[in-house]
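Please read through the structure below; I'll follow up with questions.
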């Protein structure tokens, strides 16, 4: 790895295997930016890492208010990392609101770095502190470093022509500099960012931020307050070219890749909604790939326009979250009936109703499988991590086209906004993905079927001699004419169901991490719980417990061998960020006494609570 | 019973225990009217009965076309009757299209009464008959009575000033007269109908129809063609006052009764759709009950207006079918979140998508339970027969109000359009149904809860001192303020789920018809399969098989004792007019190896196919 | 809508499908079908390049009966589906067939958005002022107080004026015609096809089963001339065989009796191309009994279509940088582990 | 909206709720909130009889901040929910607060239907020409070519003119005002309340985060007088401190320079009560740069409200026959088995 490492004085270094750091402050404090920069630097440093941004629920809450607190957490290590960490070891705190809401998360004995300048009386009052916690003994359990960040910042750039307000807002780079020193992170990447992205627009501001980062670093090095800095050795990372990627970005790239590899034009019809909108934003910037993005008047028009595009021979995609997905169900039924490819991306968020728009949840699974009127099964696939959203999206497109069916892709708020290093695939290594438009009139039947996939032919309007009519009323086998024949309806319902079932042909058998031949406990998961479960299982196996893990990519159909796999274990546990959904599917289907583990707290499982549940289930202390 | 019976000559009478008659003809042939009249006469005759209208799928198909065939079937008996009969014993057929589509249903040896006048060459050609089936030997398996209905009709009224076209259309009354003679039905009721409803508008036409009915009757009596007439002795019917009622009518009356008994104003917001519209039509005629019906611009506005009305302190109701229900799911989530009473009537029809709008199906169960984003459970209740829709609707309203929750009421096309005698309940015997609007500010909390039901208080805007705000974002326990607190969200999701679960308090334990203590096979059903299952189980028990039947009124929550009941039987079978839905719920919940029996042919199970499945499952010949 | 290289000589029969037509005998839809099929046979477009998209309703069964490509979709959503189709396939001629319920009730939002976006769609709305398929409930164009199955005591909603709504939404082309006037309707359909942008055509259509005679107050022979204003771009707004005209008095439109209280000079001239929609709006608002009903093309203003601009953006983006997937995946900061 | 017996003397503070207001500092919503709270305190309506219903958006958070009854519903559906509420509770004053996205994008259909039905709803639409809550995508009122997160190369849809759309839908009351002019806005809100029927008020609102300065072309001090036409019923349409007026020339509206190419007599007079919506439509269509933007009440026409007619039907039905459940259940042919 080619990394510019900055070497601090050797004597104060201490090596640790992993650390979790959390930055908190006001939405205006640049917390997310700091987090992103720290993440890049950490990736460059060769550590494994996982991150979790924690946006304020309010669009723009009053400055300094509890509702306006923004957070960013990162765990990095010299070994594999699957979650952003349960409990931070370090809390970097910009204001009283951040302290009030986040202190309880910091592990006892952990390090608290706090911007004392923000602890004015009015700020304290705003969040309900009667006395200044920095001045009473309420922080006795932690190692506290008080830094007058704003004073230092303003001092450092006082000769530059930067308005005080702007200058004060730049304090995050000073804080970042301290952290870079403390965890021995390379600064090149961030300096380049400052010069290009900030300095490019405003040279003085660029200069100010550059200075602040370096000054923060120097402050760490020289200041008496910090007795030691830490080194987290490089992890053994698989060879490859990496970038850091958020889930929504990866999902968008997966759609672009599907378009390029299949030769199909991608059309996205969507209506903005949190947290799905970013995928729309991303895709709207890829016009050179021929991607047509259409901001529709509502979610129904979004999916309908995508169906229209698929009918015309494009790869129709729509996306939404929460209530927006509920609105699309009628049109999904139409797509199922007319058997056109369509990908519906559901970036799940806290429900029901408007719910908790900025929080994560896995509670739309049953809706994905059963949400439509009548018998209208569709394949359902789930992404399991930010970078994995790329392949999940790619696969969703491939299956939709191959089987001429709508496919629902489940992601969630955690995946969408979380970021992780991604080993960028070589385009030539992506799974083969072709498409076929019928052009020959010979033996053409609008509802004739491919023997293997049961898919019907895809005909682009404009193809001479193949003119035909389709629609949402039940259609006669082969001809596709309207049919009210009772037997035909039964036949066609079963045919469509069977077609969806045939997607099993393209689904890898369930793989077990752990004791493949059976054991005391299998943890069955899906979606974004992947990281927490993996970490918890690793921990449990390390303590000698017979615990294994299987994670589902496809929720409908389920892998052919799943029932057989489940039966190999004495117990099966299904952790979900909902009140129990997948667990119903497997209990019903395999009559296995799988047990649910549920929470809906708008955030991922912590490894700790999974470990606790594992112990309980195995009745060990 | 006070029935005016007409006594034909005794010598030609034959007593039979039951008979199934089917009328078929063109939509314009008055088939449904004949069926209705025959049904009333049969009820008056003191028989048990069940009926099934079979509308053409096309709004108004060309006269004489196969798509335009309308049918009406009735079974009546001297014993209990649960279905309209599998195979007709008699087919009354008005035209070649009716013969072509229905002859295969008639039991071998059955009676075919056919209107020869309609078998013109052009009519035959229209439906693809190369030769006239009345003239070749294709009807040899049946007892055929050829009647030149139109000729007889016109002859009979030639002295009246009735246009030929109109006169020809009145032939159904002549045919009806024959059937009244043949099955010894009282004619008073129909004569009154003719005089009032037809004669009231057009005296000449009234006179014509009166004459035709009597002439048909006389024709039966005197004509050489009919060697015998049949008597179906009176059934032992529970005492009470009866009327014949269709499911949609009963459902509407249940809503009216709920309004009257609870003292709440009923508000219906709905958008027309087949087969739900009739409930809207019915209710719009009950203005004197203060019922406000609002034909909205779409299904979403329909449910939203009902939510607005409930918020204002009315009993909000909405209704739809098929795709219309899918569209309402987002708003159901809102009603669940703000915890307001709301009744959503889903008159299920053939799906998916537009599907088979005029056919019946039970394929919306999973959608009812799981169709929303997030964790948004709602109680689900199902009607099991046309007259039962009254109590099902009443109960849905009662539970919605008592638990402050949306409730989905499932009916279907078969129940909606089917009719049966209904023992009219005394209004004072209806279950108690009160409501409470909070008016006192003392200790008022918008999301405080009743200890027993967990329902929150219902406050009508306009109540001084109780001003508060509600909405679809997660709310804090008690205060109802917006809350993004993770623990609160988990708590509230579980609280709402628990509230829905508490409806169990109002659900009668599962009752088994048959061997209550256990046996070889339990058939578990829900909704409109009630009649077929009851008849099939009766048959099976009659043949000495250990078969029992339990029928669910509530699908969510399930009755508290259901799991325990299911486990008493060696086998459990779940017949549904879908591809397997309730069966998943019970398998998952109770880990019982319940087996599905499914068909989606747009029509109820026949008793025969259920009997066959029972035999197969019990491995008897 | 550039004419393809070779257009076969079509007849009406070339546009008749093999499906049995299933409307009630006497329904106005038959006449419209026949007129449209005839118009199609005269257009310089190959058959396979026409697509008919419809929603749900009697009128929406239309696509089954035309032997081109056809898509009978779901209730109210045809404009949205057609928009997606046109956006990705600007080469096709996309027709939308819809009813007053489909277009203005459940589908109202998609309609007004299609109109403002100006996709090159040809929208034919059959207005029978009733829900036909669901057997006769009042529709958003039914008159106030209408007694139907769902309103036994009379409806309470004021009806939409579809053209006024379309103009309010910013429609670039609006026109009106009727089922029974094949010549006029044929011309209007052809003109609508020629317009580049969303064409909205309201076609009065008799539903003889549930709303018979809805339009007789201005279509019956005795009143027809007096109660219809046939508008033509650039022509004076005269009617009643030239005896009357629309004039402005006290800043309001009134009927002038030529030779009596008004002269031909007073009569306003129709300008369908006026960029300000107010002129067309005023004409759309004219209604019986006080005024004649304006028939013909009320507005036809050209402006770039959505799909044109979309294709242009794509072309420009492509000109700026090549579509390189490898580069895209490797965008931003990357590092290599060996 | 009959005045209840006793109305307490209210101050603005009586309409402030205990919830922290959560808009961005500088957002135009603050000013509107304050003006509306003030207006409420002057109306002869008891506090508990006001209900605020909203959809989803920054603007739709409004109900939380007003200490009356409030219902923050789902995106776009507030008019439908409010209609049901008003239909069953005609005694309440029902306000709808909505944004340009909530009202015109996802909620467009419910809005136009509410307007034609004329429920007595007071609809306040905060038009910031952007989606604020979802962080800055263009809205149906954003100008063509707008660059936003979802349209990095510029939007392709022609915007709605909300008042033109409302008039096309048959609105009985339409008006326009702006966040920063508390006096004008307060008057308009009060007038909207007084109107019996659906009042539609478009309020230009600055979103200083995602669309700052959207209205400066006619609200900035230097251009304000010249670019705003304050309309008053019965008054001449003059502006620019009386130096200009709206006149009709060649049947088109143009700006006349008084004392130069036009006299005060030439200037049109505003008639908000004209039953023909064409006059109001023409005013609504005026736009910069050619014209000033019309502010004030463009249309106020009284006609029976939906809920009035509904209550009337019920009263009549009740007068005709008593509500007897027993009789209803026993309607039609019945028979008794003993």
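By letter and in written order, the chains are A, B, C and D; residue numbering begins at 1 in each of them.
Throughout what follows, a contact is a pair of C-beta atoms (placed from the backbone, for glycine too) under 8 Å apart; a residue touches a chain by one contact, two chains touch by 3 or more.
Not measured: the values here are computed from a predicted model.
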| item | value |
| --- | --- |
| Between A-C and A-D, the pair joined by more C-beta contacts | A-C |
| Chain separated most widely from chain D, comparing mean CA positions | B |
| Computed distance of Cα centres, chain C from chain B, in Å | 40 |
| Computed distance of Cα centres, chain C from chain A, in Å | 45 |
| Whole-Å gap separating chain C and chain D, where each centre is the average of the chain's CA atoms | 29 |
| Touching two or more other chains - residue numbers and ranges from chain C | 56, 74, 105-106, 108-109, 113, 140, 153, 310, 313, 316-317 |
| Two or more partner chains touched - positions in chain A | 67, 287, 297-298, 323, 330, 333-334, 338, 353-354, 471-473 |
| Residues of chain B defined as touching chain D within the complex | 1-3, 40, 43-44, 46, 189, 237-244, 253, 256-257, 260-261, 265, 267, 269, 286-290, 292, 294, 296-298, 300-301, 304-309, 311-314, 316, 330-331, 333-334, 338, 424-427, 460-473, 481-482 |
| Residue numbers on chain C that touch chain B, as the complex places them | 20-25, 56, 58, 74-76, 105-106, 108, 131-135, 137-138, 140, 149-153, 155, 209 |
| Touching residues on chain A, where the partner in the complex is chain B | 57, 67, 322-323, 325-327, 329-330, 333-334, 336-338, 350-359, 361, 363-364, 366-367, 369-376, 471-474, 484, 486-487, 489-490, 493-494, 497, 578-579, 583-585, 587-589, 591, 593, 599-603 |
| Chain D-facing residues of chain C, complex | 105-109, 112-113, 116-118, 140, 153-154, 156-161, 164-170, 248, 251-253, 268-269, 274, 276-279, 281-282, 285, 303, 306, 309-310, 313, 316-317 |
| Residue numbers on chain C that touch chain A, as the complex places them | 17, 19, 46-49, 51, 53, 56, 63-64, 67-74, 77, 80-89, 91-92, 109-110, 113, 310, 313-314, 316-318, 320-323, 325-326, 328-338 |
